[in-house]
Amino acid sequence: MIVHLWQNIDYVASVVLFCIGLYCVITKNNLIKKFIGLNIMETSVFAFIVALGVVDGGDAPIMGAGARAPFTNPIPQALILTGIVVAVSTTALALSLVIRIYQHCGTIEADELREME
Amino acid sequence: MEVTDIRPILAPAISFACTGLVFLMGRSTFWRRFWSLGAATAKLVVVMSMLPGTLKGTVYVFKLLDFTPGIGLGFRADALGMFFAVVSSTLWLITTIYAIGYMKPEHAKVRFFGFFALCVSTTIGIAFAENLLTLFLFYETLTICTYPLVIHEETPEAMKAGRKYLTYTLIGGAFVLLGSIVTYQMAGTLTLSKPGILSLSSGVGPLTWLFIALVAGFGVKAAIMPLHGWLPSAMVAPTPVSALLHAVAVVKAGAFGLLRVIYNVYGVELLKNLPVINWLAYLAAFTILAGSFIAIYQDNFKRRLAYSTVSQLSYIILGAALLTPYGATAAIAHIANQAFAKITMFFVAGSIQRTTGKTQIHELAGIGYRMPFTMAAYTVAALSFIGVPLFAGFVTKWYLSLGALQSGQWWFVLVMVASSLLNAAYWLPIIYLAWFKAPPGTRLELHEASPTLLLPTLLCAVYVILLGLTTQVPGLPFSLAQAAVKFVFGM
Amino acid sequence: MTPSSLLVGIIVVPLAGAVLTPVIGGKAGKHAWTWATTVMVATSVIAAALVNQVARTGPFSAYLGGWERPYGIELRFDEFSASVAVICLLGLLAIVFSQKYAAKELPPARLGTYYTLLLLNLTGMLGFVVTGDLFNLFVFMEILSLSGYALVAISGERTAEMAAFKYLVMGAVSSLLVLFAIGLLYALTGSLNMADISDRLTGSAEVPAMLALALLTTGFMVKAALFPLHVWLPDAHAIAPSPVSAILSGLVVKTGLLGMIRVYQIYYGAKVLDLSSLNTVLVWLGAISIVMGAFFAIFQEDIKMMLAYSTISNIGYIVMGLGLASQYGIIGATVHIFNHALIKATLFLGAGALIYQTGYRNLSDLRGVGRSMPFTTAAISVGAISIVGMPPTAGFLCKWYIALGAVQAGHPVFGVALVFGALFIFVYYIRMVNSFYFQAPIHPEILEVKEAPLTMLAPVLILAALCLAMGLLGRIPLSFIEPAVTRLLGTLGG
Amino acid sequence: MKRALTAAFLVLVSLPLLYAMSQLPQHGSATSPAYTHIAPRYLERGPEEAGAENVVTDVILNYRGFDTNGEVTVIFTSLAAVFAVLLAGREGDERSASEPRARTTPEVSPVASFVVRLLSPFVAIFAVYVVMNGHISPGGGFQGGTVFGALLILATVVLGKATAEKLQPARIRGLLQAAAPLTFIAVGVAGLIMFGDYLAFPKAAALAWVRTLWLIVIEIGIGVGGASIISAIFWQMGGDR
């Protein structure tokens, strides 16, 4: 199993990142930090999926003069392009909410907000 | 012979339409009364028009629609259902007249008459239900639409009684639902058109548990002890409600449901193999006696009536649990016998309350001189309950005793005798108080209840006598009960 | 119109409507309501045509860009996708309802955006239920989630924004779980088309497949607010504007369950794993959800908060039905997805009408409102009776079917839990009915309140009528969904 | 305490995750299902049948164009969502939310102002280049749009919102923001009408230039929409102050 893990070390890295991100989401008190944690998680999933497309020795899948096989798998890259946009959009909304919460409450610490309720 | 006919659904539909009309136009007193009385009459006519056919053995069926693939909303007027339907629609008409008089000073009359009609609609639905699911549908609807009637006063006490009522009956309903589910899984059908749809192949254990669940479900409304707790508290409702719903519709719906379970879901032959049926008989016998004992100690008139109802309902259940033709005859006939006698009593209690404001029994001394006709009706009903020959109650006791002997369980005859004595112990003192114990020094003037209260009371008392004398009244032949028994026992 | 172009239309028409709303709606969203209503009417017509088509011919597909499976994106319309009809109906009614409601309750500047987001949300759901591609499913899930978060916050209240943030964080985490699982399934099969994944998953490594299943289930169950992943739901659904609550509670949480059905379709077909342990977990969680949702609801005074908790209970029903994995159970669960949407929309829109007219939202403050708003309260009562599962309403048949499913699956004890859980739910609905009709008003002026305006009353009454009709005519949805469930379980081999 | 529990929980969760990772097809292997199932067809035939030498562009705009259609909708949704949260709320909020605060914009140094004016045309040209070349090189609508959005943001910060807004006339701003989904819908419906499938491109070999043209049209739509939305979100968040 260790051998397999070592071979798939890219995937392992994304699992570790995922857990770090989730840790931040759960434990951080500051709403922005929470959201940074979420962004770390997003990044880890994107890294995982992009890593799926890697082929040893592969080149960017752009055909044209001088291109030569093997090419990396274009599908994960396309998916993650979409994924990144989704993540950015979520972030925009989250930050807007944080702005509003700060305007209303004067704080973005989760525990202080909870006390206000 | 089965005939497709619209009348089995027309009967509940008339009451249902009446509900709508009352809610729409009920703010006008005239239209409220017009629709209530009109619908009651129309429905009685519809039900009666099926009677000749039913006596000849015709079964009217009407399948409205399918709820689910396989189980439909079906109506089926067989002898047993007709018996129940005739009793309730006759009494609806009478009670409507009474209620118009009784409810004059009350609030929220639109709501009252609207839901009143809805309750009767669902009761007929129960009587004519073609399958267990349809029956359950109306059974639950009955629970819901009696709730506004129970809490009509909107006092904290009424709300509390309403909560208690809902708690008991809804839990009962849940048991019925569970029972129906298991029945459907075992039998693959829920139809009530056959004498028994389950078979022994499902195993004695599951069948026993299923039976317990169904009995618990229907037993709540039928007020078998220890499931009777809601009935006395629900007596806070206005008297016509207590009368119709708690002496006729609701409690009889439970008893009727039990009859359907025993005769149409399980079937007599199957139940003979299940020891649990004997326990049901013992429980019924216990309830007969215990209910009467408790009744003796009640001073509130309506509460005493309530416990008497608890006791009387178990006659029906005992009769059915004996699994003999005579027992069954008693059980079915008692639906009518108890209904007419008990409703007389409630009318009396209500009339006294409206006319004199008295609700406790010890206040009734000399009441017979003030309200002689009302108390005469009371006397008739009381004698019926005690089981004096020539009155309706005697018929039941006679057949029930025969049934007990037929099944070889003679000790139930002793229960009958004991019950008669107990009944005497709590009904006769009132007669004594009313007629023979004029409070000294006061002048008793004749102060009879208003005609709308008195007429229905007397009418019911006449019915009680007729049921006792000839075992039948116009439109409710004893042979109907016998036809149902013949079907059940395959005779 | 060919079936496939209809299938595209069900997504593209509301999408075009949504992106054009700011342009056509005018500066302050003056015409936005008219426009949004028009768009939803058109979409509903398409939905009706689609449902009619699937009833006649069975499932059909549209291949976008003309690329056949698995090279392009496939839109697949099966019986489960017939939920488009409910989505369109509820969307239309909620938008109609919003005309007066939003104008009063929302900041005027946000009015146009409100309709845009509603249409986007509906687009997202429509896409979610008709797509046959796993990644496309994710994209539509994000559209509906993102618009959902914003709709919760749109009233501009402080609490609304905090509820939206909570919703957003949990929603985003769950989306990531789903995306992670999509990645895993892609790694195992090399495909994103659900049918193709199902075919190719057979015989692949068990552990990653199991992990993907776990992640998908967890992700979708967060969206569906199954206990104990429900913490975001009550605030978000209670604080959102009522039409939004109706859509969120009626439809958006259901997308999690429909997503779960898609997962089942993949895994039942692939036969790569034994799903019985997952099913056991779901059944238990469902049972706990029923009880906990009902339990918390009892303590709520706020009418919308109470409705929000009852959603958790009902999600419990559905999850339990799915977890039972028997014919009746799954049929009941699926139909309850539709029926609960109708019921909950009745309740939330009705509650919205009460709040709009009276300004009160606590049960005790609303005492006596039954006399001044008889139609609205009657509709709410029908909804209440229905959600408790009293016959002859929509809620009953599902309860009947799921309980039957429990017996069929050999776990009658869950049937018992279900039936008695429903009683528990009754406890708090009877409080509501009592305060409407049978208790003396605390605020006497409530008796002077007028009945809700027609644009609010009509949707509520239509929905209440449907609650009754779906109870009496339950055969129609039940037999409609049956072939799909038979196919689903047929692939299970049992 | 909460931290320790969370950490322990996550370690516990990560174990099955890691185990599953070890069971996945080996990283970088050319025989994994991911590489052998669909990707080969894209790589082999993408340029001819989909219209772009950059196969990633083929995938996002043609093979899986509908995903991207959804994706631009997500961006549009995020704009609407930001509006929903930040547009003027109830009374009392107006001051903080939409109207500029009392303080004046800080003085911008002439150097910064000059540099931005000088660079702007180049940045703009670069953005257009990235958009137009998405089909043959890394880049495309999103990337180019983002560059252009960054330019708008830069202009806003340094030259003021009024200047930046000139590029997005208020009359058509709504259309510009919806440009990406609208372009997709237009191309998609055109495909539906002409070739029978939504988002279908001409299939004939001779029409390769049409395919490429359509790709560019979509890229431009995405670029315009992306830039408009990014700047609008920035303005709405109060970046113009």
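Order as written gives the chain letters A, B, C and D; numbering starts at 1 within each chain.
Criterion: a contact is a pair of C-beta atoms (placed from the backbone, for glycine too) under 8 Å apart; a residue touches a chain by one contact, two chains touch by 3 or more.
In this text the structure is predicted, and so the values were computed from the model without any measurement.
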item	value
Intersection of the contact lists for chain B and chain C	none
Centroid comparison with chain C (C-alpha atoms), farthest chain	B
Pair joined by more contacting C-beta pairs (A-C or A-D)	A-D
Most centrally placed chain - per-chain CA mean versus overall CA mean	C
Inter-centroid spacing, chain D versus chain C (mean Cα positions, whole Å)	30
Mean-CA-position distance for chain D and chain A (Å)	17
Distance between chain centroids, defined by C-alpha means - chain B, chain D (Å)	73
Contacts with two or more other chains, residues of chain C listed in rising order	135, 139, 142, 146, 149-150, 153, 156, 161, 164, 186-187
Per-residue overlap in chain B, given as positions that touch at least 2 other chains	none
Chain D: positions in contact with at least two other chains	17, 19, 21, 23-24, 34-35, 38-39, 42, 64, 67, 70-71, 74, 77-78, 81-82, 85, 89, 93
Contacting chain pairs - touch in the sense defined above	A-C, A-D, B-C, C-D
Residues of chain A that touch chain D when the two form their complex	1, 4-5, 7-12, 15-16, 18-19, 22-23, 26-27, 51-56, 60-64, 69-71, 73-79, 81-82, 85-86, 88-90, 92-93, 95-97, 99-100, 103
Chain A - residues contacting chain C, complex	18, 22, 25, 31, 34-35, 38, 41-42, 45, 48-49, 52, 75-76, 79, 82-83, 86, 89-90, 93-94, 97-98, 100-101, 104-105, 113, 117
Contact footprint of chain B on chain C as seen in their complex	385, 390-392, 396-397, 399-401, 403-404, 407-408, 412, 415-416, 419-420, 422-423, 426, 430, 434, 437-440, 471-475, 478-479, 482
In the complex, chain B residues that touch chain C	65-69, 73, 133, 136-137, 140-141, 144, 148, 151, 154, 159, 163, 166, 170-171, 174, 177-178, 181-182, 184-185
Chain D residues touching chain C - in the complex, by the definition given at the top	16-17, 19-21, 23-25, 32-39, 41-42, 62-67, 70-71, 73-74, 76-78, 80-85, 87-90, 93, 98, 174-175, 177-178, 181-182, 185, 188-189, 191-192, 195-201, 203
